[in-house]
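Each of the next two complexes has subunit A plus one more chain, namely subunit B in the first and subunit C in the second.
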Partner chain A sequence: MSPAPADRAEICVVACAEAFRGNGEILGAPIGIVPIIGARLARATFEPDLLLTDGEAHLVYGTWPVGEPPSGATEGWLPYRAVFDVVWSGRRHVIMTPSQIDSYGNTNISAIGDYARPTVQLLGVRGAPGNAVSHPTSYWVPKHSRRVFVPRVDSVSGVGWDNARKAGPAATEFMDLRVVITDLGVFDWETETRQMRIRSVHPGVTVDEVLAATGFPLIVGDEVPTTREPDETELRLIREVIDPHGARYREVKV
Partner chain B sequence: MRDKRMTEDEVVSRLRSGMTIGVGGWGSRRKPMSLIRAILRSDLKDLTVVTFGGPDVGLLCAAGKVRKLVFGFVSLDTIPLDPHFRRARQTGAIEVAEFDEGMLQLGLYAASIRMPFLPTRVGLGSLVLDANPDLRMVANPYGKGEFVAMPALHLDVALVHMNRADAAGNAQYLGPDPYFDDLFCAAAEQAYVSCERIVDTEELTRHAHPSTVRISRMYVTGVVEAPNGAHFTSCVPDYGRDEAFQRRYVEAAADPASWSAFVREFLSGDEADYQRAVAALAAPAAKES
Partner chain C sequence: MAQIVPLAAAVADLIHDGDTVALEGFTHLIPFAAGHEIIRQRRTDLTLVRMTPDVIFDQLIGMGCARKLVFSWGGNPGVGSLHRFRDAVEAGWPRPLELEEHSHAGMANRYVAGASGLPFAVLRGYVGTDLVAQTSTIKPITCPFTGEVLTAVPALRPDVTVIHAQRADRAGNVQLWGIVGVQKEAVLAAQRSLVTVEEVVDTLDPRPGAVVLPTWAVTAVAVVPGGAHPSYAQGYSVRDNDFYVAWDAISRDRETFLAWMRANVLEVGRDH
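Right after this comes the complex of A and B.
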């Protein structure tokens, strides 16, 4: 019997996995449940050389359920102290979850409103400024809306193309923004203008829906592809091995 | 061998208002909470706190001890945001100097090796440059490009909590991550290490590799034996985070009345009173099981 068709959360998982395609032997650093499932799926299928951590200080092999300790061998040690060495070496691809993102890929995880006295204080910039100018960086937005996709971010944590260009070659030399994955589609940046464009919409989502949920104009090609669906192997891995308890639905309601 | 043992209150008696204090640990992990609680009991104020922030920041903000926070984030790990820190920012009660966490590491390292700055591309194009108008750039003397000159983060005092130490201050972590505790100590004029247990020096490496003795006594001013001293943050393998207590801490922040009740119940006495109050919470559950 063939498995039930993929739902939106599972489409998002595969879109996150696809972000790591071709990355080879570097550290995958997914932040958020769906990106974590996606990274483990990528390694279990088409990206076997990817390195992943247990969320603490160990590099581990294997494919194990989210929320549980890893079952595979520990292949190395990566305490916070060493993380920045990896970041600055460029051997890492992070997927972060921004509270705001704009057309040039500036992201905000620090403070909403006036920086001096924010309306809403968030986490702080964490490693976002360094990630963006050092190595492949992607973003995950579980709920695509005008609250998140804003004309200008209130303050810049993750550096976008325009601000990097203004800052000069030291900022742009290793900058490598890859994709934005949301519950509606996948996005990247047009090479010339560096403005965000629709790369694909998820099955069942229209371009108009995406445009209406975005607080700035998106670049739309003549043909907008549909995000690929997981195959049977991928569905089985997601449902039975990596996320048997449905943690993915905490981020993407279906 | 010098005996540097002292109590939390003796440590705090050496601190002065207005000092810059680095706090070790990371988020809600292995924070020197008994030393933080001793600061809460003191008259100290106007502190500049440098940290990979967790509930240390929240508690110090709630008690009005912080003038300025030098940070990259404040998080409780399993609870993403600290309510007291948020309130302090949203009411404009504290000054901040926000850096990428990697820049904090560089700033502490620069201080520890007595360099005025270290160059980095991190911070370029981000709020870090706007929010820190004193940050200066440095031209690459060997080629192209302008880099950020991350200034040394000199500390008057470092406070860290380790799993074990000897009486001279050689201190050991036994969990998965040393965090930046040795850097905090090396960047400070005075470094105080609290630990779960003070042991004989031989004991430190009887079953563990010498690399786990991350902090050398040459950097350490004083050692405090503080069993359960990191509570409610994690201090594995000795104990994990007290998630129930952390939730209680966050819920108590909801309004002034519940916070006063929390302070009355847990923070109005000394460290022994605190540990008794915490043990009393666990006791009924233990009876049931």
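Right after this comes the complex of A and C.
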């Protein structure tokens, strides 16, 4: 019997997994439930060399359920103080969730409103000012809306293409923004203008729906592909091995 | 040469109003008991420094101990926002809180510079971000070899650094292991340091990956078993995850918060 068709959360998991395709032997740093499931799926299938942590300080092999202790072999020790060795050598691909993002990929995780007296004090810039200029960086937005996709972020925590160009080689030399994955589609940046473009829309989502939920114009190609669906092996891994309790639905409601 | 003294005496002696005080420890070994003693002794106008301010900083800020915060992430780990921190920044309660926001790497490098006796550190981060204009301790610097324009951040030299460790020996040498953060650099960068420990032992037998702080780098050691609760000390205790979840409700409301602090910190002679 073939499995039930993939739902939106599972499409997002596979889109996150695809972000790691071809990365090879670097540290995958997925932040958020769906990106974590995606990274484990990528390693269990097409990206076996990816390094993943147990969420604390061990690099662990194998494939285990989210929210549970790892079952695989420990293959490395990466405490907080050692993470910079990986960041600064470019051997890391992070997926972060921005509170705001604009067309050039500037992101804000610091404060909403006036920085000196914000209406919402967020958690702080964390690694963002170094990530985007040091190693591959992607973003995950569980709910695509005009609140997140804004014409201009209130404060730039992670640099986008336009500000990096102005800042010069120190910003651009190793800058490598990859993709933005949302519950509606996958996005990247057009090579010439460096403005955000629709790379694919998820099955059942229209381009108009995406444009309506985005606070700035998106570059739309003549033909917009549909995000690929998981195959049977991937569906089984998601449903039975990596996320048997449905943690993915906490981020993407279906 | 570190002195082994009671916690209250160490805080009274080492930490003064207006001091710059760093409390470090990541995931585990977070010096909660020392933070509570700072609150009990009603220290004020502190510049608090921590890479990842969590619940203990929420308590210090909510009790009005801090004038300023130097940080790179402020949250309740695995739970969400720090409500007292947000209330101070957004509404100025119980007093306005000045922020000096850095990246994780910027904070770590500032400690390294302080520990190395250098005036500043250089890194690639920050370029192109708004922090360059928002944070006065971030400045461009030109590489004398390549001409590349990078970022300089000044050394962090706390008046006092406070950490929690697993154990010390009777001479005051300190040993910590498990997930280690920037404790070593934070202690070496400081003018004075206070280390709370789970126990004092005769001999510090080697542990894989351990950091040893020699007694001459430490000012005071205080024995406080469980002093990292609700975080943990690897090998001694486990993380009290329920507390972190409970803190969300306790800290949302100013009165509920104050009542909790009275009952659990101010009116207890010694920490749990």
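Everything below uses one rule, namely that the second predicted complex is superposed on the first by the 254 of 254 C-alpha atoms of A that agree within 3 Å, B and C clash if a C-alpha of one lies under 4 Å from a C-alpha of the other, contacts with A are read in each partner's own complex, and residues count from 1 in each chain.
We adopt the following convention: a residue touches a chain if its C-beta (ideal position, glycine included) is under 8 Å from a C-beta of that chain, and two chains touch if they have at least 3 such contacts.
Here the structure is a predicted model, which is why all the values come from computation and not from measurement.
Colleague: When the two structures are superposed on subunit A, do subunit B and subunit C clash or fit side by side?
Modeller: Clash - subunit B and subunit C, as placed by superposing on subunit A, overlap.
Colleague: Once the structures are superposed on A, label A:52 by its partner contacts, choosing first (subunit B), second (subunit C), both or neither.
Modeller: A:52 sits against neither subunit B nor subunit C.
Colleague: Just subunit B (first), just subunit C (second), both, or neither: which does A:155 touch?
Modeller: both
Colleague: Is A:169 touching the first partner subunit B, the second partner subunit C, both, or neither of them?
Modeller: Both partners, subunit B and subunit C.
Colleague: Go through subunit A and flag every residue that touches subunit B in one model and subunit C in the other.
Modeller: Comparing the two interfaces on subunit A, one with subunit B and one with subunit C, the shared residues are 56-57, 79-81, 84, 87-88, 110, 115, 117-121, 123-130, 133-134, 155-160, 163-164, 166-171, 174.
Colleague: So in the complex, which bits of subunit B are touching subunit A?
Modeller: 26, 52-53, 71-75, 80-81, 85-86, 89-92, 98-103, 105, 120-128, 130-131, 140, 144-147, 176-180, 183
Colleague: Residue numbers of subunit A touching subunit C in their complex, please.
Modeller: Going through subunit A, the ones touching subunit C are 56-57, 77, 79-81, 84, 87-88, 110, 115, 117-121, 123-130, 133-134, 155-160, 163-164, 166-171, 174.
Colleague: Subunit A touches which residues of subunit C in the complex?
Modeller: Subunit C residues touching subunit A: 26-27, 71-75, 81, 85-86, 89-90, 101-106, 108, 123-131, 134, 148-151, 178-182, 209.
Colleague: Could you please specify the touching residues of subunit A with respect to subunit B in the complex?
Modeller: 56-58, 79-81, 84, 87-88, 110-111, 115-130, 132-134, 155-160, 163-164, 166-171, 173-174
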